[in-house]
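You will see two complexes here that share chain A, one where it goes with chain B and one where it goes with chain C.
Take a look at the complex of A and B:
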């Protein structure tokens, strides 16, 4: 058999490796800063761009798309050519992919702290950057599929299946969720509103976890665990079953982020049952990873790389057990909006993504630099710091989650809330926040050792840019006569890609299309009217500052929430909310009915003014950061007309021609009324300041269905 | 790879080799950059786990979509929770028929009053009563009078034009009296950290 010679180019692997380490260091440091800001709210030093609500999206985006993203591309660019016995399809596309992705990350790192955000979690990037992401993703796809077509190995290996599923699904998710109409160069409104926007967002958000943090890492696992342990994969049959089951089922599970919300029961139920059915397919991956190490457990005891793989895959098993449990309504009633969710995702990211990335890079460094790892001992210390850091991070947050949720729900014998003051439930868990920051610090110290080890190994060795290999051409590859249908499909990568696309489209279509087209899913409430121009501007400040990261706007149908916050949220209330602001975490109280004067949470305008300026002057124990710039900044109304017109295009019923003149008059009138009210309370402030708009928005929240004093009329009987 | 040598292959199908460490069957022809695959069957417990979760999904869906089960339909769950509460507390609602507005001085009432103060009033008047958005409650100056009846009226009806809300809906008669008593008995006359300048008339 004639062998063809070819060369692997390791340059992009090296670049992606360095990018992974660099962005990991930054993304984790931002997370650590955010953790400390929750204990010491003044750590933002009065700087807008250093405030918790601005850097929290930076942390999540950097951890997911910069750290994990580059690790994915490292795995793909290193393993795909070797699994297919061909160089990557195009060096040019590879370079565009690498540099394009890094530029996107830099753009994110600049724009997110400046407050340019769509306010949809892990989809915060504004529309010009979204377009760049989509283009780079297409470049990546062409390069991946081009390599598949040029391959010398007839059948594609399971790792490649997962890379393919990742590519097609992320493309579909990202484009669908980021559909928005631009208002200006760096501002847009989601085309979806309210509960429909929420469904699309959490279909995306959950599957960002599935197809960015999970499937590519399963691909990574299927390559690097057998390579590092020199053991065969446990079960080919399991690979087939769990791959297809996983990608088919995962896409349905998003609505479990909206249990007990205004989302209709049928959609919530799909979220529950598909999450439960995900347990076995997820564990299929864990089993295939761990049982591949049978016969190599003696090596696991000594080798830090295999230890990291074992802890990583075990963390995957833990979080994919916990995920379905959190999707049960009874558990979710307790866990949602608390730190339980934060603990859960960090088992996944610190454990599964972090450990697999570290193991992969420790394994690659000696091979890419033709030397030994600088210090195995240091890698072992890193392993222990990362493992204990992860536990110190998560366990206190689990307790914080249970504790706070139980306090929210506790009633006195007389039937009143036991802790009517939300702040009491926050001060109770602050010691656990401190322990979380300690755990995060341990993990970070481990990461510093990792950087040193990578650095020293690179310095000691010499980069191996090209590696020679040889294989017979595809036409001459021996073929077996009796192949089953799946084996045949493995030999047809383009058809495989199409099949994966069809499988992942089903769930999203069944959930999203009826939600948008069937009117009964969002019953109309005639009392609900569009925001006034001033309220709309105030809402955009609320979005810019990232208020949704600590304050939900979704009152769940429990007596404990109705007593605390007022009538539970209805689907018809958020129909003009482009984008929705339900939030996913309550570090502070829910604000859905902040403006209703007859409810316990209502505060006068002067209170909001003082609270934004200096929250601790009103509540000494508050962990809310001060927002003095909202007091001092003039409100920018230059895009008001464009905002109103964009909203009209999206179906918000402002009167025809409203944007040309009348909107601005209404804005000024409402602003001077609020300024006068503040003046009466002894606060002298210009009506042109941002705080006036923000107060207008806050005082509007939740009031529509209270207008005639009978909010219960909108509840189902 | 520890897989090429295989002395027992004559006992089995030509498509297989053996893994020397576990004696499991390796699939011939499955070799990807040196990675081999075993032909192990799906673990039975895993298959059963999958079946059980599918059964759960089917039963759950039938209970919701066909039978509208009380514990799965969100509105029914909520209505039941509220009905249970009202059934349990129906009696106590009319229990204070002989309620009168008169200063309370017992420790238990004042402790209850403090709870209300901290959770609601402190937002504007501060925990130590020094005042910020609302007036200082520790000094001798009062805008709307200084008797129990005066304060009770303010808390009950509010002074809407000045930002003081009505707490008629939120707090029971007893709770309003407790917090008023707390103000007069405990807060008044203390020295807060940052007292707001006097407002109203001296009494």
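Take a look at the complex of A and C:
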């Protein structure tokens, strides 16, 4: 058989490898800083861009899209050509992909700490960067599918199916969730509102975990574990079944992030059922990964790469067992809004994504640089630091989540809340926050060893830019006679991609379409009115500062929550919330009814003023960072008219022509009233400051259905 | 919750959504499993060994053995 010769170019693999290591170091350091800020809230030194709520999105985005993202591209650019016996389709597209992605990360690293955010978790980037992400993603897709088309192998190995599913699904998810109308160059409003926005966001959020943190890493696992152990995958049939089952089921599971929220019950039930079923294909993948190492356990004892793979795949098994459990309504009632979720996701990222990435890079370095790894011993120490770091990180947070949730729910014999002061439940878990920061530090020390090892290995060797290989052309590739549908499908990459797309769209549409119908059918609560111009500006400050990262605005229908926060949240209350601000974590108390004067949590304007300036002066044990700049900054009202008009386009019923003139008059009037109220309380502040708008927004929260003093009437409708 | 449930009940047959989705998945899964278990062994063996094959025919100028 005539063999064709061709060359693999390792340049992009090397670049993605370096990017993975660099952004990993930065993303983890930002996370560690955030962990310490939760123990020492004054660490932000009064600087906006160093404050927890501004750097937390930077940490999550850097960890997911920069560290894990570059690791995915490294795996794809290294393994795809070798599995398909052809170089990547286009070097130019590869370079655009690499540099475009790094520019996006730099843009994120600058804009997120500056407060440019859409306030949707893991989708915080503002619209111009979103467009760049979509374009670079398309470039990546063309390069991937182009490579598939010019391959020399008839059938496509399972790792590449996972890459294809990743590409096609992330494209659908990212575009759908980021639909927004621009207000200005760096500000936009989500086209969805309230419950609908929440459902789209968590459909995206959950599937970002599925198709960015899971499927590409399963592809990575199916390539690098066989390579590192020199053994074929345990069961190829299992890999086919678990691939299709996984991508089919994952897409439905998003609503489990919104249990007991104002989301319709049927959607919640759908999310739970599919989350439980998801356990099977997830564990199918884990079993397949671990059993690939059968007969090689003697190697696992000595080889740090295999050790990392084993712990990584085991962490995948743990978090995919925990995920379905957390989606059970009874467990979720306890775990949601607590640190339990943080522990859960870090088993996934530190264990599954981190360990697989480290293992892959330790395996690649000697091969890319034609030398031995600088220090196997150092890699072993890294393994132990990473493993113990991950456990020290997560186990205290499980306790923290459990403890705090039980304290929230505890009643005295007399029927009152046992811990009516939210802060008591925070101080109780601070030691666990300290242990988490310790665990994170261990993990980071391990990462420093990893950097040294990579650096020294690269310095000791010589980069192997080109590797030659040969294979028969595709027309002459061996075949196996009669082919069934799946084998034929694998032979047709574009059709395979379309099949994967259809599979994920079925779940997406069944979830999303009824929600669009719901929106047009939600009986508007007549008492719920659009925000005033000043409140709208205040809301944008709330979004800019990332308040939603520590404060939810979603009271669940539990006695303990209604007692603490007031009447539970209704779907009709958030119809003008573009974007929604339900939040997913309560490091501080829920704020859904912060403005209701008759509730126990109500605080006067002066309290909010002093609290933003210096939270510890009011609550010495508070972990809230100070926000002094909100006190000092003048409110920028230059885009007010544009904001009102954009909201009108999105269906918010401001009167015709309101944006031109009247809106500003109303804003000034409300601002002077609040400034006067503060003055009466002994605080002399200009009505043009940001704090005035923020107070206006806070005092509006949850008040609409309390206007006539009978909020329960809306429960029966 | 009732506020939304009552609304949703106005959408014709909304309660069928979860059931339809389960049925779609079940049929999909059974058909797929049937075909997968009927795949021929030679093909499975070839596919399994695909990542390992490249080492055997590796014509790279570099020795990939004992790199660790």
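Heads up, the rule we're going with is that the second predicted complex is superposed on the first by the 709 of 717 C-alpha atoms of A that agree within 3 Å, B and C clash if a C-alpha of one lies under 4 Å from a C-alpha of the other, contacts with A are read in each partner's own complex, and residues count from 1 in each chain.
Throughout what follows, a residue touches a chain if its C-beta (ideal position, glycine included) is under 8 Å from a C-beta of that chain, and two chains touch if they have at least 3 such contacts.
Keep in mind it's a predicted model, so treat the numbers as computed, not measured.
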Next on the checklist: Clash or fit: chain B against chain C, after overlaying the two structures on chain A?
Outcome noted: clash
Item to check | Which superposed partner A:295 touches (first chain B, second chain C, both, neither) | outcome: first
Next on the checklist: Under the stated touch criterion, which partner chain does A:65 make contact with: chain B (first), chain C (second), both, or neither?
Outcome noted: neither
Checklist entry - Of the partners chain B and chain C, which touch A:408 in the superposed model: first, second, both, neither? => result neither
Checklist entry - Does chain B (first) or chain C (second) touch A:607, or do both, or does neither? => result first
Next on the checklist: Output check: A:383 vs chain B and chain C. Expected answer is one of first, second, both, neither. What do you get?
Outcome noted: neither
Checklist entry - Which partner does A:558 contact after superposing on A: first (chain B), second (chain C), both, neither? => result first
Checklist entry - With the two structures laid over each other on chain A, which partner does A:223 touch: chain B (first), chain C (second), both, or neither? => result both
Checklist entry - Taking the contacts chain A makes with chain B in one complex and with chain C in the other, which residues are shared? => result 79, 82-83, 85, 153, 155, 157, 159, 222-223, 226-227, 230-233, 236-237, 241, 245, 265-266, 269, 273-274, 277, 478, 480, 557, 715-717
Item to check | Complex contact set, residues of chain C against chain A | outcome: 1-8, 10-11, 14-15, 17-18, 20-22, 24-25, 28-29, 32-33, 35-40, 42-44, 46-52, 54, 57-62, 64, 66-68
Item to check | Residues of chain A touching chain C in the complex | outcome: 79, 82-83, 85, 153, 155, 157-159, 195, 222-223, 226-227, 230-233, 236-237, 240-241, 244-245, 248-249, 252, 262-266, 269-270, 273-274, 277, 303, 305, 366-367, 370-373, 376, 464, 467-471, 478, 480-482, 484-487, 503, 506-507, 510, 514, 517-518, 521-523, 557, 570-572, 714-717
Checklist entry - Okay, in this complex, where on chain A does chain B touch? => result 79, 82-83, 85, 153, 155, 157, 159, 222-223, 226-227, 230-239, 241, 245, 260, 265-266, 268-269, 272-274, 276-277, 279-281, 283-284, 287, 291, 294-296, 324, 329, 414-415, 420-421, 424, 478, 480, 557-559, 562, 568, 597-600, 602-607, 610, 617-620, 680-681, 715-717
Item to check | Touching residues (chain side chain B, partner chain A) in the complex | outcome: 1-3, 15, 19, 21-22, 24, 26-27, 29-30, 32-43, 46, 49-50, 53-54, 56-57, 60-61, 64-65, 72-75, 77-79, 81-82, 85, 88-89, 92, 118-120, 122-124, 126-127, 132-133, 161-163, 165-166, 169-170
